[in-house]
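Labels run A, B, C and D following the written order; every chain starts at residue 1.
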């Protein structure tokens, strides 16, 4: 999947891409759960995670907190691709529907933007479980991101 | 806080309490983030977590995924105190509003039940950040749990 | 739009169609706001309304309550097309995002089904404002329907 | 209930009160459903409606669209009591949980403010059905209002 990334990092999108990869690295919790950034495109970001034994709920499926974490981050970074260079975004609110047990080896969150406004961005994220090379949607999220100023 | 627990484990509530503590232990992700069960009462459950360096978002505050994880579990177990012995619950959907940065040392989720029905339970969770012995509400959640049958 | 309806009422879908048109007639509030049923298909229902002077909010745009009403009904009937003959559905919870002012002459809600389960159905509705023959999405909804038994 | 109103309209709160009563009058849909403003207090607004035969869903209970409409307005005006004089608010998103059938004669929405920020206000609304002088909570709402500038 890494090759897809490099195709995108030309031209003026380069700065947005750098900002997002740096921000992603700064999220220690993303590292803790082993999440990786798979794609950064205009209005679309994909984040995936390998489900390990220490990320389960009581029935041995991927924990909803893991699903939420990568879905929220993918949606937030999708919003960030629509912002000015000096801006960041924060999650204001997010709704998640859990549709099926996360019983695969990999969870993949596809975040995208429904509506960009000055004061808020409406985002969504669909999360898929990958098992035996088949994808199944396990959750869908719909929420609100708010722009904020980068403090350095 | 452990003393509060032991006060509650008398009488017929004992089985519910055992079911919840066992289920909590089975959630490997709760162990991964270091969450602990502080209180199990009729329709109310408290779960807390110490915020460590590996649980942060990009600005050094507690990650929303951690907040969501303990809030969702506290709400789910609060619903479970209202179920029959052979039942479990699953999160169907959950909305979280992030109100303030989680800048304390400890995050505490107080889950409770708004409405118990046969087919679904409406739950809420308020999450507090504790810093210098002061509590600040950092998030509020409102969602739906559905009963399921324990498979053993 | 009526022609589309008649194409669909052949075969075993006839009963579902009859159940929905009858239920729609029984909703006095749908009549009060002048809503009409435009399409009933498998997992998809369209309801529209002409925005009149008595259905506005304080700035002269269509009231969010009108948008919600037709969006909720379209989503509920979309779920109903997936139910057994003796079942009905009730809205358990619904989230609406208002994306743009409803400044057109007509509001149109397209309800559809994301996931059908025994105990609940996850639905969505997109609502469009139609002005000068152009459609603009003004709201999107995501929610949960629960099956219930018809009492006659 | 009108007497409660007049007790509140003294002092600097007078302007807020006037702004809200005027805005409420400008909402033609509130008049269409017969809603009335019962209370305007700092961070709290109550709106009620008599359930009439033309406001029902298919089983003869109050329509969810009516419940949503007064709940949304009560929450929005509660937020407005926290704004500057020249500001208005718009609903960005709102989640409603329907807890019980609205089988009473009167529906009453109590809107309040959970968190006031510069860019958005988190609000809630609890809606009660009143029957034989007893109140029953039939719905709860949790959502986001955004400030906007009054255009005259």
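Keep this in mind: contacts are C-beta pairs under 8 Å (C-beta built on N, C-alpha and C of every residue); 3 or more make two chains touch, one makes a residue touch a chain.
No experiment lies behind these values; they were computed from the predicted model shown.
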Comparison of B-C and A-C by number of C-beta pairs in contact, larger one: A-C
Repeated interface matching A-D, over half of the contact pairs identical, chosen among C-D, A-B or B-C: B-C
Centroid distance [mean C-alpha coordinates] between chain D and chain C, Å: 24
Whole-Å gap between the CA centroids of chain A and chain C: 31
Chain B and chain C: spacing of chain centres that average the CA atoms, whole Å: 35
Set of chain C residues in contact with two or more other chains: 92-93, 95, 97, 122, 144
Of all residues in chain B, those that touch chain A in their complex: 23-24, 26-33, 53-59, 63-66, 68-69, 72-73, 88, 90-98, 151
Of all residues in chain D, those that touch chain B in their complex: 95, 97, 99-100, 114-115, 122, 140, 142, 144
Residue ranges of chain D in contact with chain A within the complex: 92-93, 95, 119-120, 122, 144, 146
